[in-house]
Structure formats: C-alpha cells, structure tokens
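Some structures are shown below for you to check.
Paired with chain B in one complex and with chain C in the other, chain A is shared by the two complexes that follow.
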Partner chain A sequence: MNDLKLRLGQNQGVILAIVVFFLMFTLYIANHPAGLTVPVVTTAANKAVLLALVAMAQTLPVLTGGLDLSVGMVFIMTNCLASSMVSGDPLQIAIGTAVVLLAGALAGLVNGVIVVYGRLQPIITTLATGAVYYGIALLLRPVPGGDVDEELADFMTYTVFEVVPTSLVVLLAAVLIIWLPFRNSVVGRGCYAVGSAEGAAYMTGVAIGRSKMAAYTLAGLLAGLAGLMLTFVTFSGEASAPIGGTYTLNSIAAVVIGGTSLYGGAGGAIGSIFGAFILRTIDDLLFVFDLPPLWQPLFQGVVLLVAVSLGAARVFQIRNRLELFK
Partner chain B sequence: MNAPAEEPVSRPPDPAAFWQMRGISKRYGGVVALDGVDFACHPGAIHAILGENGAGKSTLIKIAAGVVQPSAGTLLLDGEAVTFAGPQDANAKGIVCIFQELSLMPDLSVADNISMADPPLRWGLIDHRAQRRRAEELLSKVGCDDVNPLELVKNLPLSRRQMVEIAKALGRNPRMLILDEATSALTAADVEKVYAILGELRAQGLAILYISHRMHEIEELADTCSVFRNGRHIETFAKGTRSDSEIVQLMIGREYTQVYPPKPQHETPPEPELEITGLTWGNRLADISLSVGKGEIVGLGGLDGQGQRELLLALFGVLRGVTGEVKVAGRRLRLTSPQFAKSSAVGIALIPEDRKSEGLLLPMSVRDNISMASISHFTRGLFIDRERQNAEIDEMVRRLSIKAGDVDDPVATLSGGNQQKVVIAKWLMTNARIVLLNDPTRGIDVGTKQEIYQLLRDLAAAGTAILFYTTDYDELIGCCDRVSIMYDGRIVRELEGEAINEENIVASALNLMLDDRSEVSSQAEEPA
Partner chain C sequence: MSIQENMQGALQGALKSVDRPVVIAFGFIVVMLLAGSLYSSSFLSANYLLQQLQVAAFLGIIASGVMLVILLGHIDLSIPWLVTVGGMMSTAAAGWWGPEYAIPFGLFCGLVFGLINGLGVAILRVPSMIFTLGINAVAQGVMVLHTGGFAPQDHASETMRWLAVERSFLNIPNAVFIWAVIGIAVVILLKRTPLGRYIYAIGNQEGATFLSGVNTKAVLIACFAISGMCSAMAGVLLAGYSNKGYQAMGDPYLLPAIAAVVLGGTHILGGRGTYLGTVAGVILISLLQSILSVMQMPEAGRQIIYGCVIIGMLLVYGRGQRVQG
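On to the complex of A and B.
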C-alpha cells in the first residue's frame, strides 16, 4: 500500500499526462461525427505515433541532462533513405528496413561520441550534426519523391485484425523491445544517475560515457523508426527542414508535458508518448470544434506553459535563493 | 612560539599494515597540499585523522580513494604498489570512501542508489526484487528500517541520506572504509548507531579511517590518531596517550609569514553598526547573536562548514525563512534580497567565497565588473553617465592598484589576486557601511593578501563595520579586533584582545574547553 503510494507519487507527471490525454481524446471522439470507429482511431494513431516515437527518442538524451536537437533531422534523413530503399522483393525490403534503422542508430552514435569524447555541449553538438543529417537528406532526395512498398505501407498504416492500428503496435513494440529493457539495464540506470548528479555518479563508479552514448544511439534508432513510419504514411521521402524542425521542437514539448525533467534524472519515455498524444489531440480538437487550425500553435503553447509550471513548483520550497540559479 | 619543534620522521615500512602511503606529495599548481607523507593503517582498527583547515586531510583521503593522483610517492596495498585510475578502481580493490559531499543521486530511489555501482542482474537486466532485498538488509544493518527503499533520495532528510550513504558504502564490501565527516549531519541517535556499526566492522577486521572534528567522537572511537599540519604527517599515537591540549599543540604551530597592519586601540567600545540577535535558519544556524561596531573588524572563525557561510548569506538577504533580529545602525530590518541589502538605505556588501561563480562576470571587462553593483549611482535619466562612472572606476583601480592590461579587458585575463581586488572594488563602489567577507584571501598570493589586510584596516579606520570569515587562523589573529568561533551552526566562543591566539581558536573550533585557559564568556554546549 505504502509502496503503491510512493510509486504513484513518483510518477505524478506521467499519470497526469495519461489522464489529460484520455479526457481530451474522449472529448474529441464525443464530438467526432463518426464517433469511436476503427478508421477514426487509426487516423489519429498514425499521426500521433510519428511524434510519439520522436519524443521517445528525445527522452533519452534529456534524461542524461542533455538535449538532442538532431532528432527531427534524423527523422527526415531516414525518411529520405527509406523512400529509396524499402521496396522491391521481400529480402530487399528487409535489408532496406534494417539499413534505415541502422542509419538512425549510427547518426545517434555520432552524436554520443562527440558529446562524450569531444566533451562538447549536447545542444550545440546536435544543432550542428542535425544540419549535417539534413544535408545528407537533401543529397539523398533533392526533390520530394521516391517510393515505398505499398503493401507494407498499407499494412503499417492500417490495422491488425481490423481492430488495433498497426502503428500503435509498432509503438508498443518500441516500448517493449527498446525502452523497457533500456530502463532496466545498467546503462539505462546510468543515464538516470548521470542526469541526477553527474559528480555523484562518477564517484559511485557509474560508466558515464557508455551510458550517455547508449542514450544518444537509441535516440537515433527511435528517430530512425519514426522516419520509417513517416515513409509508410506518406509513401515518399521529402527533405523538409520545416518538418524536421517542428518535430524536434514538439518532441521537447512532449517530453516536458510527459513529466520528464529537462534537468535530467527523472521521468521516462512513457510520459513522452502521452505528451506527444496530447499535442496531437489539440490539433484534432480544433478540427472537431471547427476552430481554425491557425489556433493550434497558441493552444500548444498554453498546454506547454501549464505543464512546465507544474514542474516548477519546487521553487517554492527552496530556502537558499542561490540554489534557484543552479 | 610554543609549537612543537619536531619534524616529521620517516618511519620504516610496517609489515602488518595492509595499506601504506610512502612519500606521498600532492601539488596543485604552486600550492603544496601534501608534502612527503608516510602513512599506514591496519586492519581491525579505527584510525582518526586530525588537523586544522588546510592541513592536508582531504587531499590524503582523496588520494586513498582514487579521486586524485599523487604528484609523487607510492601507494601500497598488501605490500604491493598500486595506482588508482579513479574511484571505481579504488572501490574494486576494497577501498570505499564516504565523502562529505554526498555521493547520492537525488532523483533515484534509495534502492537504486545503494546498488548503483553493481546492481543484481537477472537475464542481463536489473533484478528489482533482489535489489530491494539488498537495500532492506543494508538499511536494517545501519538501523534505518524506517526508510522505504523505493523512496527517492531527495525526499529524505539530510540525516537519513547520510545513513543511506553509509549503507551504500557497506554494500561495496570494503576492506578499508574512509569516513570524511560522515557524522556531521546526523542526529545524536544516528551517531550512536554509526558508532555501533563501526565497532562491529572493526571486529570484522576492516580498517577504518575516520575524519571528524568532533573531539569526543575521536576519543570514543579511535584506536590510533594521526595529526596532520601544513600538508605533513606530524605524529601518530595510540588513543589515550595524549591529552586534548597536547593534541591541540600538535595541530597548531604554523609559521607566521604574514605581516598585518597594527590594530588600533579603542578607548570606548565602538557604536554598534550591525546587531544580530537570535538569528536562526533551519538547523544550519542556531540562535546567533553578534554585533559589529563602526570601525571594527570582527572575525568569524571555526572549521569549514560550521554555518559561517550561511550566516553571511542570511545577512545579505539570500536565505529564506531566517528568524531573529537584524539591526543596521539601530534600525531593525528584514533582509529579503541582495538588491535590498546593498541599497543605500541598508548598505551591506558581501565579498563572496567563490569569485569565479558568485563574484565576477568573467567574460565582461574589468570596468563593467567594477561598476556592476553600483551602476544605479551613475545614472542620468535612463542612461549611464559614462564619464562620471569611469572617473570613479579609474580612481578605484588606482586605490587598489589593480594590475590589468587595460580596464576594458575581460576580467578573466587577470591573475587570481587581481580578480579578487576587482570583486572588492566592485563592492567598495557601493560605499557600503557594512562589509561582509567570505574567505577573501583563499588562493591568492601573499603580496595581494597584505594589500587586502591594509585595505580592510583602512576601511575600518574610515568607519566601516567589517565581518570577516576566514579559514586561515593566522588572519583571525592578525587582522581582527574580536573573533567569534562557530561550531555546528552556533557561536561557541568569543575572543578578544590577547585571548585571540592559536590555541584558543583551534580549541574552540573543535568545541573543546581547555580548563586552564578559559577566556571571555562562552556559550559552548556539548551536542546532546
């Protein structure tokens, strides 16, 4: 009982994000002309899963106390790569898929190596590498186009057994295969330790470098998975800087809304997924209430401000004002 | 001087000692922190290390724990030379240190923290159940059954965190356990538990290095004591073979190298400028009463971290929830921010401890730094009157003889001593009537130190009230008209005139009363 209370208390941010999302989604469905039908949910899921995967990617560096401004660009780069590799016979498709995911992971590894061995600040490192990845995307696909295996794309954007959107299954798989093992691994906990107090982690003998590199590499992998999913949704590749930038910024917003501290050390990818869902649902709500989509950024901003204010309540407990600036 | 004349003697290697340090030296730039130290410790014994601030104790344990590398000398474990690449390395060889600054990760649970370095695994992933059992075992070993292993460390009170730290260290199965002021944050009941645990570990054959400033703890616990002074190992003796006053004698006796300006004689007590009554802040400052007169330099002494820094911050309006009364020039004030404290209505200046982070804006110019605190004095309408400001800055640079290539150079290009002068200049520009100083001469050269002493004396002569915290006892003796010694958040002793001597300062910093030389009044209380 006591344990349950502690766990709930420690996961307040995630729980709040989940509750808020279900309230918003209920409101959306209740006002949707078609109601709760498989196509409505599938459309919503396909849009939301892209941001959810990028937000999961963003969560890992943030947990270490860093930030990854390149996730959106890795997303775009892998999209362009997938638009020329994931087609042909089944073997080619399988190899293409693997190459796309590996390319994402490699991009993340490069970030990690520079941050750890180059000792550069993550924010500027990933700003620079992000530009590089976007450059690669442009070289791969100077003009929008390309192709992807249609059957696979249809399957990935439709449903399993005509009930569950496949994209949600992919997201669940990412949680089960990537996030949960990572969270319960030694390097994963190293990430939390580094984000919470890097000096203390060092004194305890935590493998700081390995933890950080794992975080950035998995971030790249998850962004690559998102890029692959984007290709299935759009049937093409496009080296679009605005899309990359928007996904990067929204991923940070989703991480914060999901209860992960930008200082690092606390939070997790589950919260970020629901943070992403909330951001997407704002969009859908504006649609069903016939409000102009121009209002979307304004609402997203308000939601973000509210989420950050909840996290900032600690300020009232500080008794040495100097600690406010740390 | 009554300092013992004996020099450190080098001892022959001791075969029974499993841990030895031979000829260990450590230099930080030009500063010698340890100088040719020979030291050994034995299994099944508690070995206390004594010494005043800067004696080299913390450097010694940092070397033993693999945090810093010695500049010279050998470490021997079981008679074999070892080098530690980092704390993990030392841990792996069975040397575990509990540092003063907690090495816990606040956002993680108690169980996570305890098993951080070597979690129990199952199928390659962390076995939470096993980890929890282990945490429960270790917590109950240190008598903290009331702590839930799932609780986040940041939600625990400081004394519990310290106990978790001890549990974590025990989880590493140490052969040698180093405790650096590990009891400083503990309640009396917890201290008893720690004593019991240490006794048990000693019986199990662990070597325990114990650093504490609480003399009665050392008397109760230690089998052997080693005294350090000025980076040297002075003497090692068995418990009970030296009296308190002999130990104090061993700890003091540093050479006087500095010259101080003469202290003026006050015929009548000066008019109080700053009066503090019953100042209390959480459990860090307890019932502080103190007054500083016009033209007086009052020293704050004691060991590091006894609340001196917090007292100065409280007076500068940085701390929240301070109770008690503060009067400036007879007027009762509620100090709520540095901005208010420095305003001409109050007139307090604080020269902070760390000039790089709290004192200076390193990339900005010398000129901008000097005018930063007093910029509002130089406004004309909305704008800054550059000419008037620059005239005063130039005057200040001359007065303090700040050596800068150009006053428009970034302050980061100056030497440490000159940087400190810039910080002082910045606050002199505000024409403060009360100047608080937090260890202003740390890490600066002797020449600049002397200039600062002279400057402080000149300021006092012009009527400024000065409250001067320093970790250097020499400065308390040479510079201050009166000295208040702090211990555990309270003022335990006030010294005046001839009573300001090294023996009294060191003894009261350890909260000892040497029977034959009680001076002035004392509010010393033995911690319950």
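On to the complex of A and C.
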C-alpha cells in the first residue's frame, strides 16, 4: 500500500498529464461532428505520434540534465533521407529504412560524443549540430519533393485490423522495444543518476559518459523514427527550418507538461508522450470549437504558457525559501 | 607579502581565463578577414567593414540583452518574437498617434514582455527556457491578431529609417553608434554598479546571493526586462532598415545571438563572461555569415560550416571541467 502511494507520488506529473489528455480528447470527440470513428482517431493519431516520438527523443537528454536542441533538425534530416531511400523493391525498402534509422542514431551519437568527450554544454552543442543537420537536410533535398513506397506509407498511416491506427502501434513498439528496456538497464538508470547528481553518480561508479552517449544516441534514433513516420504521412521530404524549430520547441514543452524535470533526474518518456498528445489535442480543440483563425496562435500561446506554469504551484507550498534555488 | 603575491597570481589567473576566448575570437576575426582578402580585395575596404558593422549592430544590440540573461544562468528564447514586437508595434504606433511615438512605444512593448518573462522566472520559478518559450508563443499570437485584426501601418517612420540606414558622422552608420551606446551602458552596468555584481553573483550561486541579502528577484526581473527592451530596439532598427515591420522578422536572430554570446567566452550556465567577448562573438558571427554569402556558398554549405565553426571554436577554448566527485 505504501509502495503504491510512493509510486503514485513519484509519477504525479505523468498521471496528471494522462488525465488531462483524456479529458481534452473526450471533449474533442464529443464536439467532433463525426464522433468517435476510426478515421477521426487515425488522423489525430498520425499527427500526434510524430510529436510524441520527437518528445520521447527529447526526454532522454533532459533526464541526464542536458537538452537536445537538434532533435527537430534530425527529424527533418531523416525525413529528407527517407524521401529518397524508402522506395523500390522490398529489399531496397528494408535497407532504406535501416539506413534512415541509423542516420538518426549516428546524428545523436555525434551529439553525445561532443558532449561527453568534447565536454561542451549540451545546449550550445546541439544548437550548432542542429545547424549542421539542417545543412545536410538541404543538401539531400534542396527543394521539397521525393517519394516513398506508397503501399508501405498507406499501411503505416491507416489502421491495423481496421481498428487500431498503425502509428499508435509504432509508438507502442518504440516504448516497448526502446524506452522500457533502456529505462531498466544499467545504462538507463545511469541517466537518472547523472541527472540527479553527476558528482555522486561518478563517485559511485556509474559510467557517466556511456549513459550520456546512450541517451543522445537513442534520442537521435527516436527522432529518426519520427522523420521516417513524417515521410509516410507527407509522401515527400522537405528541408524546412521552421518545421524543425517548431518540433524542437514543442518537444521541450511536451517533456515539461509530461512531468519530466528540466533539471534532470526525474520523469520519463511515457509522460512526454501524453504531453505531446495534449499539445496536439489543443490544436484539434481549436478546430472543433471553430475559434476565429486570427485568435488561434494567441490562444495556443496562452495555453502553452499556462500549462508550463502549472509546476509553479510548488513555489507556494515551500516553507524554506532556500529550496527555491536548487 | 606572500598574500599579496597569491592575490596577484589569482588575479592574473582570472584575467587569463577570461581573456583567452576574447583573444582567440578576435584572432579568428583577423584570420577570416585575411582569408577573405585572398578571395577578393574588397574584404579589407573601409566600406565593406563599415557595412559589416552596421549589420552586426542589430545582432549586437540583441546579444547585449541576451548576455545579461545568460550571465544569470538563464536563457531568453523569446528573442524572435520580441524583435518582431519591437518592429511591428513601433510602425503601428507611428500610424496611430504619429511618428514621434514610434520608437518609445516599440520599446515599451518589448519592456512589458520582458517584465512578464522576469516575473515568470523570478516569482513563479518556471525554468526560463520553457517560460520564455511560452512568452514567445504568446507574443506571436498577439502579433498575428494585431496584423490581421487592425491592419496597422507597417512602414517605418523617418527617424527609424534615419537611425538604421543613414551615416551621419564620419561615414559611420548610426546603428553602430546605438550599439556603442547600449554596449557602454552594459559595460558600466556590469563593472561599476551593484546590479552588475549581483548578476555575476547570481550566475555563480543564486542561493548564496539571496542569503547575502540581495533582492535576487528584482535582479532577475530587471535583466529579463532589459533583454526584452534590447530585442525590441533591434526590432525598431530592423524595421527602419528594411523600411517595414513584418511577421517573423526576428526569427533569424535567436541562434546567432546565443552563439555570439557563448563564442565570446560567456559561460552558458552563467557567472562568467565579459562584454568585450560578446562584441568579438557578434562580429565573428556577422563576418562569418557575410563571407559565406559573398563566396556564394549555397545555404546548405553555409549552415554546415556555421555549425562546425561554433563547435570547433568552443572545442578550442570553451570546454568544461572533467566531472569529479
């Protein structure tokens, strides 16, 4: 019983995010003219899964106390790569998919190596590598275009057994195959340790460098998976800096809304997924409530600001003001 | 005697650690100019250099505010739309009430958003990275509503054009003088006022500064407010330069501003850095962008070189300490 209480206490942020999402999504479905139908859910899922994957990617470096400002650009870069590699006969498609995912992981590994061995601050490192990845995306696709195997893309953006959106299955697979094993591994726990207290982690023999590099590499891999999914949704590749920037910034917001601390050491990718779902549902709600388009950006901004300020509640509960400065 | 020697040694050590990035950054500027002059002799002409300074002035004004925030150990991601707010609200004010209201109103709007940033970070203790991001989104929303709902005037007033484009003294662009005035004010603020000491102190140990009786909240709010005003000022000048305030005009300035501050040796986690370094960083970034565009490097190559130069330079002098217990 006590154990359950403790676990609930530790996961407050995640639980809150899940509850808020289900409330918002119910509100959305209740006001949607078509109601709860498979196409409505599939469309919502396809949009939300892209941000959810990028937010998962962002979570890993944040857990180590870092940040990855290049996730959006890796997302764009792998999108451009996929738009020229994932087509042809099945073997070519398989190789292309593998290359795209590997390219994402490699981009993440480069970030990790610079942060660990170069000992540069993650913010500025990923800011700079983000520019490089955007440059590579432009090299790959100077003008929007390309194509992707249509059968595969259709399958990935429709449903399994005509009920469950395939994109949600992909997201679930990412959680089951990448996130959960990682979180329970020694390296993954090392990420939490590094984020909580790097010096203490070092003294207790945690392989700090290995944990950090794994976090950035997996972030690249997940961003690569998101880029691949984007290609299936849009059937093309586009090297667009605004899209990359928006995804990077929204991924940070999703991580925070999902209950992960920006100071590292607490939280997880599940929360970020629901954080991303919440952000996407806000957009959908604006659509069903038919808010004048001119008001939409302001409304989105205010909701985002309020959402990230919710954590401020703790400020008013603190007895010892010195705790504010931790 | 030995204490004095110790102090001297410590002082020299401190000078060395601060100055090295500045020296390397200025050295790199000279190398870039020389390399550029091999490509075309016009790189060393006074006209080209002044033109570079004029473009650098916009970035320099933004970087001045960003530097104060970074010295605190925070970051201001609301730059893009606060620049836009400055540009668009000043042109709108010129249309509503007359040209003399343009610049004050633009700066006032930047100040208001900056104050909200400061309140959120200082009072609510939301991490600055995410709160300023939210303010950026709100500012964008306000600007979209403002343009679409009120169809405001978007062309710059005579004074704004004069400040941004004209060269009224010794053929030096007026924008450079504005940057110089702001820069000198920031140097005096950092070196000669208690507020400046508090900024460095908070960047090093906020809790200790609070316990020493400093009103840390006021310092945080002041710095974010100054940063908001600097962004708005740059927006006013940019609107004057292109003769028009338009949406997303501040988008290309966020990353260069942060990069310039950090390349100038200011520590991204706060507490260390000099304004001279920021000047070096600003000139370096502007010059790098200009040389790449003069060489007609395609955008892709420009981005890659840009990123590699930042990483490369920081690997030379910006590396952190090895983790120890």
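What we mean here is this: the second predicted complex is superposed on the first by the 293 of 326 C-alpha atoms of A that agree within 3 Å, B and C clash if a C-alpha of one lies under 4 Å from a C-alpha of the other, contacts with A are read in each partner's own complex, and residues count from 1 in each chain.
Definition applied: a residue touches a chain if its C-beta (ideal position, glycine included) is under 8 Å from a C-beta of that chain, and two chains touch if they have at least 3 such contacts.
Since this is a predicted model, take the numbers as computed values, not measurements.
When the shared chain is aligned, chain B and chain C each come close enough to touch A:Y202. By the touch criterion defined above, A:P181 lies against chain B but remains apart from chain C after alignment on the C-alpha atoms of chain A. In the superposed model, A:G265 makes contact with chain B only, not with chain C. Contacts of A:S309 after superposition on the shared chain: chain C is touched, whereas chain B is not. Legend: residue contacts after superposition of the two complexes on their common chain; A:T37 is shown touching neither chain B nor chain C. Touch criterion met: A:A193 reaches chain B, while chain C stays clear of it. Touched residues of chain A, counted separately for chain B and chain C, are more numerous for C.
Contact with chain C, but none with chain B, is seen for A:V256 once the two complexes are overlaid on the shared chain.
Once chain A of one complex is fitted onto chain A of the other, the partner contacts of A:L6 are limited to chain B, with no touch recorded for chain C.
In the superposition on chain A, contact is made by A:W295 with chain C only, not with chain B. Where the contact sets of chain A with chain B and with chain C meet, they give residues 199-200, 202-203, 321-322.
Interface residues of chain B, counted against chain A in their complex, comprise 67, 86-88, 91, 99, 101-109, 112, 116-117, 119, 121, 124-126, 128, 148, 150-152, 168, 281-282, 310, 313, 318-321, 337, 358.
By the touch criterion stated above, chain A contacts chain B in their complex at residues 2-3, 6-7, 10, 181, 184-186, 189, 192-193, 195-197, 199-206, 261, 264-266, 318-322.
Remark: chain C residues 75, 77, 120, 123-127, 129-131, 133-142, 144-145, 148-149, 206-207, 210-211, 251, 255, 258-259, 262, 268-269, 298-308, 310-311, 314-315, 318-325 touch chain A in the complex.
Residues 67, 114, 118-121, 123-125, 127-132, 134-139, 142, 198-200, 202-203, 208, 242, 249, 252-253, 256, 262-263, 294-302, 304-305, 308-309, 311-312, 315, 321-322, 324-326 of chain A are the ones touching chain C in the complex.
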